[in-house]
């Protein structure tokens, strides 16, 4: 039941964003609001078992979404810009030293792992290649491993991220 | 004039993708090329002011066509047989 | 076999989003680019996303082929019955009979370029919905059939 | 021999089909009366803003029914070839 | 006028990064490094192009045309988020598939995943 | 009130009823096999009733036009449109009504026959739904007055046909036949659409009447003509594009094969509609007429000669179907070749066309009958190989009688209906070109020879030990066959009646391009 | 002002044509999928820019459809390549 | 009365009723002849067996002529024709497509030349 | 002539598809060729309806201008649906054939001949 409501609320929110600017009640017209309600109920009926896995409603807290937005705009974006300049440098010079390393972030929720994996993929010279289904350890392809660093069995997050510690942020968001 | 350049680029890509579909012996690669072909076709529809058709081609070409081709390849064989 | 945890989680998150977007396209068919077919294809692709993220047994225990088949038939029947009702009004097959019914489904619109209003166009939104659910059922059922065909035995 | 036939066929079809590029002019249709009607009267006759949807569901709604029928047919066909068949349903073909 | 400049700059950065990404997938030696170029650079470039569009929509809203440019900006933003999300996941899926299909990273100095698999 | 609505909307109901029936069939099939059978037969009966009433309406009051989505059925041209029709229009003239009648009669026979012939296989819900959809495709093709609508129904026809051909998977061989049929007909359909696009690009119209009134026969029109002509002739199974025909016909369930014959005749109708109504006198009718005649003669000869060495009874009959299609092409082609010469047209052109058109319905009846008998034999014995069959005349008497009727009709032996139409073709073609008539007669003799062989090897001879258990075919099968054979005999005894009532209006409707245009656009 | 947008689309079109080189050359299927992803991203960018260039804001929906759906095809190819598609 | 059943074929006519009457008359004559035949013929006795120069009558199944042998002479006589025609039906889908498109190309040429 | 580029490309796509169907022996490749033909026809249809400087036929927030022809777009939509249905059905057939015959080569899928 909670899953149904959470999914319906989420769907309604998305529908509102999609139809922003359609009328006069706030930004929306009356018919759009009714249609959005109906649609969100249908969507929730179909997809509640997928959107909300068993008994995990942490993400229903709006505060976490605010932090997520902040995370996406400030640290993530800066890292991304940094990453891109780095990749651009390597594209032009062709100076690379790639390898696949193991990273143990210690995250527990699936959503957190997803966020971290996508963050890693989009940021400095790293790309998630594999994941250990039990321990949530990530296997990360790095485009430039520091000299000698490949000897390390397990990479710490601070070896990978230069400016911000993503796992800390994501723990704050998702756990 | 600049529209013509845009259209020329997209159409060139379209023809290249079509030729590559024929050229690849690896059917999986051909399916991937078909995906690209579908993207470019949709972009061309978009340029020709047909957004309805572009959405239809996008919805079909992006996911479904590739999916059914890959499944058909999984159901048969990946490589085209070499002519004797 | 299912795909990695990351892909599964991403599919879970994207699925309701795709559904909402698909329904948005279906409902706004008479205002923005799109319509029943396009929206149905988008929703069907959402289902196909689930099919790819999970394995075939996992999918079939949650989503029945029969349910999707019924959805398809329901859409078709809704479509043809909507068209047939027009005969009862003394006009021909496929006439837009809801145009004269009043403001619930047929808001008066300004002609020429306008921002658009959802409850206009009489029978067209109803047919959009009908075709939408027909197409979503049909396309996902076809993909499911082909998935079942990739198994070694029939 | 066969390659020659294929070549000749493709060549003639090329000439025939590529003639489209010469015979018609892009962007300047010769007659436009039917589509002018749709553009200028479609919105007031059906109330829909998207003329393409108006055509698909109102002016040419029967085509759409046919199209939906084709989809239904394909689903039935795919279902039939992948169905579970009974024991005695294998016929001998020699 | 300032808005125009911002739009130009954003477009310029976006196109530059897109070009670099395409260059990257042409230059890099193996599939993993190409994925680096593809995922990060083109996504980043597209984000900047979208930003240009969003800024353009915002300026038009400032000039008083609300409804349509609001929807333009919002929809562009949605496309942006969706693109970033799906690109990252897709890149992961491809990298994983490439690794599972037995493609070793060519000039790699270390491959922990391969060790685990063996 | 109800009756009035039905009478006003006959052309729409003709399509809507079987469509609704097909869509609901899988749902009703959940309730049980008996309910589904009852439902499909009821739907088919309703369709036949509508077709008969529609035909009567067409014959009594001229061409029926039906505008989809307009305020009234005959409001083809909206008041503010400047004299062009904008909606989809059904134009059922005498030719279309004739085809409608033939298709729905065969459809009913096939449906009754299927009640027992399909009763042993799985997936019957899909089978019946597809059967109804195939009927929908045929009816739509022959009723429509709109090029794109024609294409859509062509695709329904192709896909439903292909899916049904593959119905008995049969170690994949049936699927091979279905694949060949589907690929070729899809390619043909796409080329038809290409041609439609060319016509649309020049004249901005899709309605056949409007196109016919505007057509100029520019080079693009010629390209479109060739594509339409060849693609539809391929769908009709004309030699040398007939290769899919034996493959598909022999592997389909027999009931379906009987209906596939009608489906390919719908394509033949498309050919006639294109050359006569769409292009009319603007095309160089002598060239096109001779092309059609040559296709017809080749079909007749190659079809029958390929039939003689066959061992598979259904494959043999499929080649005969090709051969008989040649007669229709020949008859109508002769009519086309003299289209521009009123004198010759009056003296033998019309008769030739009437013969060709009469042959369409005759062929649908007797070839359907023959395929059904072949299916009955296969149902009881489990083989189609002529070298293994024999001595069935002792146990399957009714089937033998029906087979004799069909075989004599196809060979053109009086007093069955095949003779009547062939006689018309012989006499008129002899005036046009004696050689063609002689070829036609030779082919007829070879047909008889071939069917003597089939008859001998299936029914004659002593009772064979492996078929000692064989009994008569079940009653629904016999009813289906009996319906068709009754019509064969009736059409043979009263040919002039049929010609007067059905055929002459159909032939004159084909020739009368101006009347067709006037019925849609008004005035003229 | 509108010309800028068209110039941007022209550059993107040229980049799409360039990407075809990887599609042709890519020694393995994953390389070609990389080209597919790139073309997808560039197409979305072109569509967004073109909708502004044409002044038709409703066109952006097409770009959203692409951004959302194109990775389904990628996932299918990945599933096949990873040997995980055993139904 | 007869006129309504007569098929007019432009130059000639055909009357199925007359034909049926003639057929019936012929049938009656045949029946009469049959009735005039041997009266003491009995089924199931030695009379059924044909007299084959004193040889033993072979089993029925052995004399039954199978379909493949029935027109052996005809196919043998037209061997040259069949040896060319039958291999054309290759069963390969590409060939089918080639025939279709080839005929289309041919008709293109014919129509192009004629116009 | 040069401005007829979309028509020429559409015709080229049709021809490329036809060539694929003629020379490729793999059944899946042939179906890809069929899809190419279909794409070519779609492109031809849509470009037939284009009018120079036209805008899309949607009145929602539309700028001023002449609209392109909408009928072809409706036709193309129909054709796209028909195309996906046909492709799916044909691919199902090919999968069944492969399972029964063990090959998807048109040269070997020929039990029906003669």
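Order of writing sets the labels: A, B, C, D, E, F, G, H and I. Residues in every chain begin at 1.
Everything below uses one rule, namely that contacts are C-beta pairs under 8 Å (C-beta built on N, C-alpha and C of every residue); 3 or more make two chains touch, one makes a residue touch a chain.
Since the structure is predicted, the reported quantities are computational estimates derived from the model, not experimental observations.
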For chain C and chain D, the contact-path distance works out to 1
Contacts shared by chain E with chain I include exactly C, G
Moving step by step through touching chains, the smallest count that connects chain C to chain E is 1
When G-I and C-I are ranked by contacting C-beta pairs, first place goes to C-I
Here the gap between chain A and chain C, centre to centre from mean Cα coordinates and rounded to Å, is 29
Cα centroid separation, chain D vs chain G, in Å, comes to 26
Whole-Å distance, C-alpha centre of chain B to that of chain D, is 18
Separation of the C-alpha centres, chain B versus chain G, in whole Å, is 11
By the touch definition above, chain G meets two or more other chains at residues 33, 35, 54, 56-59, 61-62, 64-65, 68-70, 72, 75-82, 84-85, 87
Chain F residues touching 2+ other chains are 19, 23, 26, 68-69, 148, 152, 155, 159, 162-163, 166, 169, 171, 173, 175, 178-180, 183, 187, 194, 201, 204, 206, 219, 223, 226, 246-247
Where chain D touches two or more other chains simultaneously, the residues are 6, 9, 13, 16-17, 20, 24, 29, 32, 34-35, 38, 43, 49-50, 52-54, 56, 58, 60-75, 77-79, 81-82, 84-85, 93
Residue positions on chain A within touch of chain C in the complex are 7, 10-11, 14-15, 18-19, 22, 29, 31-32, 35, 39-40, 42-44, 46-47, 49-51, 53, 110-111, 113-114, 117-118, 128, 130-131, 133, 136
Within their complex, chain H touches chain I through residues 86, 89-94, 97-98, 101
In the complex, chain I touches chain G at residues 55-56, 58, 60-63
Counting only contacts in the complex, chain D reaches chain H at residues 2, 5-6, 8-9, 12-13, 15-16
Touching chain B in the complex, chain I uses residues 3, 5-6, 9, 12-13, 16-17, 19-20, 24-29, 31-33, 35-36, 39, 42-43, 46-47, 49-50, 54-58, 68, 73, 76-77, 80-81, 84, 87-88, 91, 94-95, 98-99, 103-105
